[in-house]
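Structures are listed in the sections that come next.
You will see two complexes here that share subunit A, one where it goes with subunit B and one where it goes with subunit C.
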Partner chain A sequence: MANLLHIVVCAGVVPDPLQTLEPVTGPAGPGLKNEMVLPAVLDPWAACALYEAANLAAKNPGSKLWLVSLGSKAKLQQVMMTIAQKAAFELVPIDGPIGGFPDAHSTAAVLAETIAALPGLDRSKLLLFGGWESATRGAGVTLQLVGERLGITDQFQGVDQIDLREDGSFEVLERVEGGKHQLSVCAGTPAVLGWATGNLAEPRNNPQVGMTNMRTIMPALAKAKAAKLEANGLRYLSVSLPKQQRTTRVEKNLSPDEIAAELVEWIGAE
Partner chain B sequence: MGTATLSEEKIMLALPGDAVRQIQWRFADRFDLQMLVQSARSVARGTVARLVAAGERNTHEWTPGKSEMMEAFDRAGVTAAFMEPEEGGFIAGPKNLALALAAFELAWVDGGAATASLAGFLALAPIHERGTAEQILRYKSLSAPPQPGEDRKPWRGAFVLTEPIPYVGVDTGMLSGKMRVAEWKEGEEPWLQIDKRGRFITNIAFANFVTAAVISDDERIKGSCVVILEETDEGIFDHGTPTKKLVHQLSSTGDPIFNLKVPASRIVGGYTVKDGVIVPNWNHGEIIEAVFRRTRVPVGVMTAAKLLSAIEPVIRYQRGRFRGAEGAKPGTVRYEQGIQQREDALHRLVDVWATGEAATSLGLATARLFDTLDPIEKRKTAILKESGIQGGRAEMKALKESEQRAIELLSLAPDSPRRQELEADPLVQFVLMDAEANVLCPATKLWNTGHGTNLLREAVSLMGGYGITEDCPGFLANKWMDAQLEATYEGPEAVQRRQLTVTMTSEVFLAEFRAWTAEMRQIASSHPGTGACTLASAMQMWQWTLNYLQTATDPAGGKLYHGQRQGVTFPMADALCWLVASRAQILDVLELEARGGDDPVAAEGLEGTVQFLSDLCHTQAAAAAGEVSRICAELVFGYKPHPVWNGSGDGLADGEEQNNCFLAGELEELEETVPGISTMAVDVLGEDGGHPPKAGPCAGCAGASDFLRLQNKLTTCLSGSRLAKDRAAETVAKVMIPEALDYPA
Partner chain C sequence: METILVLAHADETGSALTRASLEAVTAGLELAARLSAPVTIGILAADAATAASVLASTGARLLAVSGEAFAQARYATDAAACEALCRAAQATIVLAPGTSRFTRVAAGVAHRLGGFIDTHITALSGTETVEVSRWFYRQRVEAVLSRDARPWFLLLDAGTHVAFAAEPATAQVEQVAVQLPEIHTTVSGFRAPAEDAQTIRPDAKMLFVAGAGWTKKQPDGQIHAAEAGELILGFLHATSSSLGSSKSLVDQGGEGEPVLPFLTHMNQIGQTGATPRHAKGLSTCCHGEEPHVVGWRFIADRRAISLDPNCGWTRGKADVVYIADAFPVMAKVNALLEAKKA
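Now for the complex of A and B:
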C-alpha cells in the first residue's frame, strides 16, 4: 500500500557552474562578479533532491510535492522554464537576494517559517528534502537548521537512496567515508534528507508538464513574499582556485594491477 | 586600441542571456516558447552534441544514434511544437515563431539536427495549410509523440517535391510525378495510381508517410495536386538510397521511388468532381506557396544561430591563444588578451556578431509576422468566400481596392480621423502584412543563408588552422558547410531573388518601405548611435535607384528593370535584404532598451548591453549602406556606355565628353592664374593632342546628379560607424564568457 507523503524540497538558484565565477565585494558584502546576468540553474544537489522527491511522490499516489526556493524571483522565473518541465510540483517562491553570502541561520528561519505556513501541509507526513551540498557557498548546515526549527530530529545527510516500506518506515542510504554507504532504518515521517546525487537521471524536459506547472508557478511568483536576510558581516579574507596537481610519469613495464595499486596508494595519501 | 572610450557601466557584462533575448525577440511573455527554447536547447547541447562529437556525422546511413535524436525530439516536446493542444501539442495558435526558435536552438549545435526536426513539420505543412479537417486530424495526431499511457510510435513524414533532374521541382512548376485513375466504380470513391520519384528528400529513410507533388496523366483528373502516400499502401514505397551529402548528416536524405494505389481522399485539401473529372481543390503550386513562405523562415534562422554560436568559441580561442607559451606569463597582455590585443581580430569578430544579430532579428521578425498574418489570412479568405470570391486570381482582383486603401492608410497623418477606419479593416490589414511577408520571407532565406555562409567562413578563419579541424570547438567548420546547404534548401538563392524581384516592386510594399525609411529617420533623431540615419539614407538610395531602373534603358533601348534582366533585378533584391535585416536589428535593440528595465535580470547592466548591441547595429547599418551604395552605383552607371576617344586622331573624344579635356599647355597657362587647377583636370591631352593611354575620357555625371547627391549624403552618413565598431570591439575584448562551452565539442 502506498504511503501518503508531503514532501517539501528546499532548493536555491545558483550560477551555472560553467560560468566564470569571479569573487567581488559589493555594497552588500561578498558576491560574484555580474552574478545577476549569469545564466542560473537550480542548485545541482537540491535538483537531485527534487527529482527523487518527484519520483517518490509519483510512486505514492495522493502525495504532494512543494518546491520552496529563496532567491531572486526574476532568476527563479528563468530557471523554472527548465525545471518546471521536469516534474510536477507546487512552487513556493520567496523573493530574496541573488548573491552574497546569506547567513545560514537567517535563511533557515525564513524557510522554516514559510514551510510551517504551507496551506494543507501535514507535518506528520513531512519529508523535508534538500541538497547535502550546494554549488554556491554552501555552509552545509541550512537544511539541518530548517529541520531543527520545524522540530524534526530524524535527519540524514549525503543521501543516495530512500526505500519506503509498507508500514511507513523507510530505509536510507547515506554516504560515509571510503565510498561506502551507511544503511539506516527510520520509523517514519517526519524526517530531513539532505541528498547527494541520488540514483536517478535528470528527467528530460517535457513542455507539457511545464505548461501545467506554469499555471500555478506564475501566480506564485507574482505573489512571492520578499525576505530580508540579516547581514552577517562576512568578508573575503583570501580567495584561491582549488589546487590542481598533475604528476606525469612514463612507465612501460608495470602491469595493470601494479598501476592500480599505486594509484590507490596515491589517492589514499591525498 | 585607438578609441577605448567606453565607461565601465557601458561595457556589456556578459554574453546576452535568455532574459535579454526574450525581450529583444519578443517572447518574454510567452512561457510556452521559453520552455520550448529550453527544451530544444537541452536536446541540442545534450543528445545532438554528443552524437556529433562521437562522429555520427561521418556516415550517410540512418543509424540507431540518429534515431535516438528523433526520439529525444519527441520526449522533449520539439516534435509536438507543430501540433495544436488537441492534437497532442502544447502551443496554441500560430507556430511560426515557435518553429523558428526551435530551429535556432537545434542549429546552434548542428544544422542536420535542425533540419531533421523541421523536415517532419514540412511533411505535415501541406496538410496543415490546405488539408481537409479529417486529414489534419489523422496525420497530425499520428505524428504527435505518444501521450502518457499511450504505447505507440509516432509517425514520421517526408515532403516529396524535388525530382530527379531535369524537373527538380521547387520553382519550375513542372512535375514528372504522375497520377492516373486506377479504379473508379460508379458511386464510389475513385482510386489513384501514383508514380513518383523523389530526389534529395529529407527524413525519407524512416518516413511512414509522404506528401508528394504530382501532376495528372489522365484526362479524368485536372491539373496537379499534393497527395498523401502511406508506407502500407498497395504497391512500391521504396525509401531509396541515402544521398551522400557532405553536410547535415544527422538528417536523413535519399531518393525514394513510389508506385502506389491510393484513394482519391488522399488528395491534400480534397477534390470535387465536375463533369466526370476529378478537380483537386488545391493545385500543387498553391500548396507549395503556402508551405514554403512559412517554412523557409526557420531555415534562414538556422544559419543565423550558427553565426551567433560562433562568438563564444572564437572569443575563448582568441583570449587563450598564447597561454602556455614561455613568453606569455599570467598578468601579461599576451597571456590575458591573446589575439584580442589585435584590432583586426576584434573587428572581424564584430562583423560576424553584427551579421548574426541582424540575421536573427530578421528571421524572427518574419516568423512573428507570419504568426500575426495567419489568422488574418484565414479571416480574409472567409470574408471573400462570403462574397463568392475564391481562388488565387479572383482574390487578387478583389483585393485591388484594399491595396489602395492600404496605401492611403500609410500616407495618412497620425491624427487623421480616417486612420481608425482603415486600420480596422481586416482586408487592409491582410494586404499590408502580406506585402511585407512576401518580401521578408525570401529576404530571410536569401540573406541569412547566403551572406551568413560567407561570414561563417570568416568565423572559421578567426580560429586559424584549428578552425578547419574536427577539434575546433563549436564545430565551426561543419557549420560553415552546413550553411551552404541551408542556402539551397526549399529553393536556392536564385529562386528567392526571383521572388523578391516581383514582390519588392509591389505598390503596397514600396509604400511600406517609404514609411520604414521615415521611421528610421525618426529613430535616428532619438537614437543616433544605432546607425538608423545611415540606414535611412541607404533605403532612400535604394528606392531612388529602383524608380530610376524601372524607366531607364540601356544604349540599345532595352529596359533595365525586367524579369529576364537578372543582372539588374537580382542585385537590387540582394541590396534590399541588407536593408531589411539592418532595420529588424535596430528595432529589436530599441525594444530591449524600452522594456529591458522591467525585467530585473535584463535590467542588470542594461545600459552596457544596449550600447553594445546598438554599436553592432551601427556597424551593420554601415555595412548595409556600403553594399547598397556599391550595387546602386553599379546599376545606375554600369549601363551607360563609357565615353571613347573619337578615333579621328585629334585626341578629342566623341560628344560632350571632349569638354572635359584640357590641352597640357593650356593647363600650364591656366595654372598661373588659377593655382591648383591642374589637380582638378580629369583628362589632359598631350602637346601633340594625343590622349592619355586609357579607354576614353572619364565619364561625366550628366543626368545623375540626384543619385550623386544621395550617394554623397550616404557617404557622410557613415560618420561615427567606425567609432561604433571600435567600441564594439572594446566590449568584445572585455565581455565575460563562460569557462567552457556548454556542450561537448
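Now for the complex of A and C:
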C-alpha cells in the first residue's frame, strides 16, 4: 500500500560552478561581482533532493511535492526553465537576496514561515527535503533550523537513500566519517532529510512536464512575496579570494619511467 | 566576559573521545587562554567517565551526559543531550567538532538556546573579540566574520587544530540529567565496504584522484576500464592512499557508460563532493577545472598527470603537472612501489 506523502524541498539558486567568482563589498555587505548576471543553477545537492522527492512522490500516488525557493525572481525564472522539465512540482518562490553571505538563521525563519503557511500541507505527512549543504554558504544548518522551527525532531543529514516501508516507517542511509553510512529506521513522518548525492541520475528534460509546471510557475513568480533577511549581528571583517597561486612546474618531455621514478620518490618523501 | 563550552563526543567504543573532539578541546583551551575566559568541556558518551579521563589535566570543568540512549548518534537524543550540556554550562561561546554527529544537531541546539551558529570554521582569531575564518562558495571565497549575538556556536573543521593529548587520570565529572524526548528513530548500525575494499581513508597521507579520462578511449581505440581499475587499486594498495573521484566519473555508472565498480558518490571530490585534508594529492586523468579543484583546497602538496598541456592544473592549481598518459605511468609507479616493498 502506498503512503501519502507531503514532500517540501527547499532549494536555492547558485552561480554556475564554472563561473569565476569575485567577492565585492557594498553598502549591504559582501556579495559577488556581477552576481545578478552570473548564470545560475539549482543548488546541486538540493537538486538531488528534488529528484529523490519526485521519485518518491511518483511511487506513492496521491503524494504532493512543493519546491520552496528563496531567490531573486529573475534568477528563479531562469533556473526554472530547465528544472521545471525534470520533475513535476508546485513552486513556492520567495523573492529575496541570493548568495552565500546572508545569515542562515534569517533564511531559515523565512522558509519555515512559508512552509507553515502552505495551503493544503498536512504537517503530519511532511518530509522536509533539501541539500545537506548549499554551494553558496555551505553551512549545512538551514534545513535543520527550518526543521526545529517546525517542531520536527527526526532529522537526518548527508542522506544517500530512503526506503519507505508499507507501514509508513522508513530506512535512511546517512553519510558518516570514513566512507561509511549510518543506517537508521524512523517510525514515520514528519522528518527532515538533508540530501547528499542520493542514487538517482539527473532526470532527462521532459518538455511536457515543463509545460505543465510552467503554467503554475509563472503566476507563482508574479505573486512571490518579498523577504528581507536580518543580519542577526553577523559582521564580515574581510571577504577575499584565496591568495595562494602555485608556481606550477609543467613537465612535458619526461618518459613514463622518469615520471614514475620522480613520483615514487615524492610519495616516499616526508 | 566570554565563557567557553567545548562539546565533545565518544567514538564507536563509547568510552574514548573522537580525534575531532580532542582537536576541539585544543581549540577551546587556546581560545580560553587568549580571552582569559573560563572553559567547560561537555561530553556526550555512553561511558563518559572513561572518556573524560584524558581531559583530567585540562583543569576545565567537566560535564557529561551518559547512558545507553546516547551511545548512538540520533537527532532527538543528541539534541536533547547537547541542549542540557549547554544550559548547564551557560556558555557564551560553544565550540564543537564538525563531525557528522554534531553537524546533525548543532544548529537545532543553537536555535533552542536562542543562539546562532557558524560552521566549517578553519581558524579562531581576535584578542578582544572572537573572529572566525570560514570558506564560502565551496572553498572559493574566504571570509573572516564575527557575531555580537550569544550564545554563538562554532563547528570546527577537522584537521585545523592539534588533537589534545594527555595521560588518562581520574577526572571529576558532573553528570547532567536529560529529559529524554520521545524516540521515533532507531539506529541499526553502519554500512561500509569490507575493510580491504574501503577506498575512503580520511587519515591517509595521500589522496589519489581518478578522473573520467580513465574510462575514455585509449590510443588503440578501446576502453580499458578493467585495466584502469587494476592500476588504481594497485596504487591504493601499495600506498594506503585515499581514493577520490571527479563527479563525471562517478556519474557514468548511472548513464550506462563503463565504470570503475569500486567508486561511489562518496568518493567525489570537489563542487558536489568532499574537501578532504591530506598532506599530498595526485590527480590522474582529470582536467583540473575549478569545480574539481575546490575540493583540493586543503591538499598541501599537489601533483597531476594529464594529457592536456592546457588543463586547469597547469594554471597555478598544482605544484607539478606531468603531461603524459596515466596508464603507462601508473603501471610503472606500481611496479616500482612493489619492487621497493619487496
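Details
In the analysis below, the second predicted complex is superposed on the first by the 229 of 270 C-alpha atoms of A that agree within 3 Å, B and C clash if a C-alpha of one lies under 4 Å from a C-alpha of the other, contacts with A are read in each partner's own complex, and residues count from 1 in each chain.
Definition applied: a residue touches a chain if its C-beta (ideal position, glycine included) is under 8 Å from a C-beta of that chain, and two chains touch if they have at least 3 such contacts.
It should be emphasised that the depicted structure is a prediction, and the values quoted were computed from it without experimental measurement.
Of the two partner chains, neither subunit B nor subunit C is touched by A:64.
Between subunit B and subunit C, C touches the greater number of residues of subunit A.
In the superposition on chain A, A:225 makes contact with neither subunit B nor subunit C. Applying the stated contact rule after C-alpha superposition, one finds that A:18 touches each of subunit B and subunit C. When the two complexes are overlaid on their common chain A, residue A:82 makes contact with subunit B while staying clear of subunit C. By the document's definition of touching, of the two partners only subunit C reaches A:264; subunit B does not. In the overlay built on the shared chain, the residue A:123 is in contact with neither subunit B nor subunit C.
By the touch criterion stated above, A:214 is placed in contact with subunit B alone, subunit C being left untouched.
By the document's definition of touching, of the two partners only subunit C reaches A:254; subunit B does not.
Contacts of subunit A with subunit B, set against its contacts with subunit C after fitting on chain A, overlap at residues 18, 20. Residue ranges on subunit A touching subunit B, taken from their complex, read 16, 18-20, 22, 33-34, 36-39, 72, 74-75, 78, 81-82, 84-85, 204-208, 210-211, 214, 218.
On the side of subunit C, the complex with subunit A involves touching residues 73-76, 79, 99-101, 103-108, 110-112, 116-120, 131, 135-138, 140-149, 181-182, 184-193, 198-202, 206, 239, 251, 254-255, 265-268, 271-272, 280, 282, 289-291, 297, 301-303, 305, 309, 313-325, 328-333, 335-337, 340.
Listing the residues of subunit A that touch subunit C in their complex gives 15, 17-18, 20-21, 23, 30, 32, 44-45, 100-101, 103-105, 135-142, 144-145, 147-149, 153-158, 160, 171, 173-188, 196-201, 232-242, 245-252, 254, 256-257, 259-261, 263-264, 266-268. Every residue of subunit B that touches subunit A in the complex is listed here, in rising order: 13-14, 17-19, 31-32, 34-39, 42, 72, 75-77, 80-81, 90, 599-601, 604-605, 736-740, 742.
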